[in-house]
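See the structures that follow.
Okay, so chain A shows up in both of these, paired with chain B first and chain C after.
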Partner chain A sequence: MSETSARAAFSRVRRLLTARNLIAAGFALGRLGVLIGVAYTILFPLLAKVSSSFMAEVDIFDKTVNWIPKHFTLNNYRNAIKYMNYPQAFLNSLGLTLGLSLLQLASCSVVGYGLARFFFRGREILFGAVIFTLVVPPQMIMIPLYLNFRYFDFFGLAKSLELNLLGTYWPLVLMGTTAMGVKNGLFVYIMRQYFRGMPRDLEEAAYIDGAGAFRAFFSVMLPGAMPALIVVFLFAFVWQWNDYFFVNIFAGSRELLPNALAELAGRYSRDLSIAGSEYVPRAHRSLLNNAGSLLLIAPLVILYIALQRYFIESVERTGLVG
Partner chain B sequence: MKAKLSLVVALAIIIACAGVSMAAFDYDSLDFGGRTITFLYWDPANVLDTDVLAEAQQRFNFKFEYKIAGWEEYVEMAMARLLAGDSQYDVWMMTQPHFVQLVGNNAVMPLDDILPADFFDDADPTVVHRVNSLKVKGKTYAFYTWQNVLNDMVFWLFNKDIFEREGLPDPYELYDKGEWTWDTVEQIALQATKDTDNDGEIDLYGIGEMRTLFTLMPNFAKTVELVGDKYVFAFNKPEALAAINLVYRWRTLLKISQGTWDASEFAAGNRAMAGVIGWQFWSLMGTDLNYGVVPLPKGPNATKYVFPIDKVGMFYLPANAKEPEKLVALVKYLSPSADRLQTGMFDEWIPMWVRDEKSAQIMIEGIESWEGEFDLMEGSLSVPLDPVFNGEKSAAAHIDEIYPQIQAQIDELFKQ
Partner chain C sequence: MRISKIRMKKGHREAVNGIIFTLPFTLGFTFLFLRPFVQAIIFSFHNLQIGSHGYSLDFAGFGNYVNALFVQPEFVRTWVETTAQMLLNVPLILAFSFFSAVMLNQPFRGRTAARVLYFLPVILASGIVLQLEQDNYFIESLRSMEETEQGFISLQTLGVFLMRLRLPAGLLEFIMAAVQRAPVIIRSSGVQILVFLAGLQSIPPSLYEAADVEGGTAWENFWMITLPMLSPLILTNIVYTIVDSLVDPQNELVQLIRKSAFGSAGYGVSTAMSVLYFIGTFAILLIAIAIVSKWVFYHE
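Let's look at the complex of A and B:
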């Protein structure tokens, strides 16, 4: 290396090592550290589940086994797939979740638009009630919901016609259609806020062109609210997919993934005919449940990986973060 | 005179006939007409014998189903089914917290007039004790169980290797001499607690996690007492205050107790002693830990060793059960017999759980001497004791302070 090029390299290094650059690098490293820490905290339980789902029972009791199983096995997955009746439960869950997510998307958009753009008496109280649904634990409304769908009278319109909708998908469909599904208060809020942020000129132009409220909503506002719609749909899909509470109450007998996961250990025990000694397979049950939980969330993880870009962009554009 | 005599004879015949009809089940005529019988449970693990269940469904013409309700939702699910009229052929499988909440709302059926006189004649004695101890204001609600008592029995474990290494006295000898007391255990724990690697931090504690489950009953203390027709909060009694104080003393004052609920530190060999509930032995089985089993050390108020149990899982019927006599008969048929319960405990579980004969003997003594020692209110009341355990307030002052709120909780639970 010639003396000139060595000098040039030296002065480049000196320039890089200025105080400002060093501080910036320090911040970047600190930020990286925090991000790794937060990611580790979030991912730790998941990684622990992944690790133990490949373990044999003997590994659980082996103090020297920490993350990597000594007796690697796929039996937990084989058993989970078999006893959850996974293919059937997956298809049923997919159909139900997709349908309910679309229903919730439609109903929450309409409600959100109404609350954002139309002035009527009690609007704020109604919106307050929507927000209130977010803080009410589902256990609190369980008994009224159960009774409502056990003797369903079309919201009081046909009192003589009391239908038992329990054990069917109808309660979930009706709740989705009326924006009362899982976390629907949040979706109404997201849509309302998004519509409020859209310029009124768009609707006014549509009205001048002769469009009515519905036309303006469907042709002008909805296409413009695509980021919010994507966020709401994805949230609705994820929460509905993971929901066990409402699915168990209203459709507990149906072969759906959350129900199948809840019954996994029971079905496994019954098949082994080890009745009366429920604690014999306790360690085994935890391995089986870990594998079952991962199978339950696997489609969501795949969905997230495939739609990650849209999801992050949409969340940013709806103003949910930052 | 003759008329009186005839009347007495007639009455005697009627009573005898009633006695006969109430005495035995006629399983041959038991028919549910194809109805679905729902067992409401929070844990999906199978608890009834699969073969017996299959045979019973054919024989008694019914369809069996487990309805799973999460632990948190159990009471709401049971109430919803009751209010909707869907629970007429339900059997509820519950432990105390669910039972206490439901019984106060008149959602559980009293069975004193339903159970035949000889219902418990062939039952395991622990079943009878459980049924009697779960009576509320004299009424019987629980009637059978799917679980043996060992599953939830609380024992005190000691690490033999640590005891030998540190030259600590033999707990078996102390137990045999009746000297297995709070004072003795405290002395042992003080000796055992130390910083073994000299890094300035204690890494070997005498005792694992301490909680009132390990101290109340061994000092003959209770959470509530039935005074007349009313349940009364009893933590202000000297025996209860001493039990609460002991937790504070060992945990905070002397710092000889430290750990988590699952006794994982004991399993890892870092505690000399720990209180353990029966089902936790399944986790210890897989370790190579050399441990012994003794009863919980007794308090100054106790005159004998107590082997309390934590949660009591029992069968109950909802208040609107349609054919309770038939349901009771069916549940008894499906449940494990006294022989099965005893074989499970004595021949299967204990040999798997213990490391030596003396531990097995003590466990058997625990089962045979058990007379229903458990806390009816376990898991039902929210009694904040942290201010005492943290040393912020004395037990007596704190209990005095919170007494009205806790009594109000009890009054609300039992609607008294």
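Let's look at the complex of A and C:
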């Protein structure tokens, strides 16, 4: 190797090793590290659930089994589906979640528009109230709300009437219609910010054409607010699907997926105790619960992967920030 | 005169429209929020008995509060612990989501997949699933195995390494606590990352172009443009994070309040607990807003 070619190679290396390149490479490496760490933390519980849901009970106590089950079985799923009454609970949950998230979408967009575009006395107070509903923990109003629906007298307006609305969908429907559902204050906020960012020319053109406020809202503003509507609908759907707190309090007796999952282990062991054996060990219960949990979140994961563009990209463009 | 009359009429109609559009919320807020809220405060001063025909209230003065604070063995301890954890988590979640958003905003291969991954916890945060996870035999045993044997950096190794660096004890404790709660931090950062990402997209590119002309480095751009432009969102995210910790199904105090309601303590004491918790958190929220809004920078 001659001296000149060595020098050329050396200078090429030096050119590559400029400060800028080094920093860029360092960043890329750091990013990769962070991503691996985050992927590990997020996916670990999920993968652990998936792998254990296919295990037989002996595998849990077998120290040589880490991730791949030795006694592969579908029994956990079979039992989970049977004792959760899965097909029925799934359909009920789907119907309820779809209906409620559409109701919430309707109420939150109407209210958001009212707060964004019309000036009236008390508007700022009302907007403050929207934020206030987000800040108060639902646990605080849980008991009074429960009693209000247990002895429903139209909020003190018809004292003689005492309907028990618990176990029906009415409490959830009433809350959805009046923008009081899960995190609905946030949705009102998103819709208000979005409508505020839309140009006024659109409505004014509609007004000149002789449309009233409602025509203008439905024919011009709503179609223009599609990205925000999609975001609100998706989040409403996801949070409603995942909600256990309100669903359990108001409709705990209904065959819905969160209720069914909560009762899964109990129902299973009750059935077993009739058959003679009485106690279902903790390990066995966790296998069953893992299969059940996956059955509950599977529809959401599929929805999320299919619509991930809408979840992430349109949030960026909705002016969540305003 | 005629013009002002028309204007008045227009203003009147606008007000009527505004009231009609916001009516669903006004009704819901009054009957499904404010009324139960006031009732909760009233209940906290009473003993509540539920019979077969409605419920009855016995006035108890501050008895429930005294009971919650001085008789219930776990309440004060859990309250302090939950609040301390929240105060520790908020800056960590904020820092993590801020830098994650900056990272996810850069162009690189696999960015879409990375974003999908980061927001997965928002989708998976099912109340009942998280509740069951606490009683999950398999994951627990796997996790303890990872920590003692196979994890790529065990906590002890990290602790020993940091001791060698002769870091001050306070900082060392903070780092160890941060590492320990990494899963919680990562899991509760999804929405905050989304908010920061939206903010990053809304920074006008002309600012960076101007800085380029002036010869600003990436480091300077970050401190002089990105951080100040995102500072209003830092406030938004602090509020969101504090509020989110209130409704976290894994929040121990929330579990205690719920357990007390249906346990021996009773509705009255449970409601007193939740009123105290609300007042405490609200105070923290106001203090945080007061401190942070001092250095928030508004572009307009």
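Methods note: the second predicted complex is superposed on the first by the 276 of 322 C-alpha atoms of A that agree within 3 Å, B and C clash if a C-alpha of one lies under 4 Å from a C-alpha of the other, contacts with A are read in each partner's own complex, and residues count from 1 in each chain.
One rule holds in what follows: a contact is a pair of C-beta atoms (placed from the backbone, for glycine too) under 8 Å apart; a residue touches a chain by one contact, two chains touch by 3 or more.
Computed from a predicted model, the values in this text were never measured in an experiment.
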Overlaying the two complexes on chain A, which is it for chain B and chain C: clash or fit?
clash
Quick one: is A:Asn66 in contact with chain B, with chain C, with both, or with neither? Answer first, second, both or neither.
second
So, A:Val58: does it touch chain B (first), chain C (second), both, or neither?
first
For A:Ile143, decide between first (touching chain B), second (touching chain C), both and neither.
both
When the two structures are overlaid on chain A, which partner does A:Phe245 contact: first (chain B), second (chain C), both, or neither?
both
More residues of chain A are touched by which chain, chain B or chain C?
C
First, second, both or neither for A:Gly266, with chain B first and chain C second:
first
I'd like to know which partner A:Gly167 touches here: chain B for first, chain C for second, both or neither.
neither
Quick one: classify A:Tyr151 as touching chain B (first), chain C (second), both or neither.
both
For A:Ala48 in the superposed arrangement: first (chain B), second (chain C), both or neither?
second
Quick check for you: in the superposed arrangement, does A:Val38 touch first (chain B), second (chain C), both or neither?
second
Single chain C stretch clashing with chain B - from 96-104, 168-176, 186-194 or 258-266
258-266
Intersection of chain A residues contacting chain B with those contacting chain C?
60, 139, 142-143, 147, 151, 244-245, 262, 282-283, 285
Chain C residues within the chain A interface of the complex
11, 14-22, 24-29, 31-33, 35-37, 39-40, 43, 48, 50, 53-55, 100, 103, 106, 108, 112, 114-129, 131-133, 135-139, 141-142, 145, 182-183, 186-187, 194-195, 197-199, 201-202, 233, 236, 243, 246-247, 249, 254, 257-258, 261, 267, 270-271, 274-275, 277-278, 281-282, 285
Under the definition above, what is the set of chain B residues touching chain A in their complex?
43-51, 53, 65-70, 72-73, 76-77, 79-81, 83-84, 86, 146, 151, 268, 279, 282-283, 285-287, 336, 340, 344, 348
For chain A, which residues are in contact with chain C within the complex?
28, 31, 34-35, 37-39, 41-46, 48-49, 52, 55, 60, 66, 107, 110-111, 113-115, 117-121, 123, 126, 129-130, 133-145, 147-148, 151, 155, 162, 174-175, 177-180, 188, 213, 217, 238, 241-245, 258, 261-262, 282-283, 285-287, 289-290, 292-293, 296-297, 300-301, 304-305, 308, 311-312, 315-321
Touching residues on chain A, where the partner in the complex is chain B
57-58, 60-63, 139, 142-143, 146-147, 150-151, 166, 244-245, 248-249, 252-253, 262-267, 269-270, 273-280, 282-283, 285
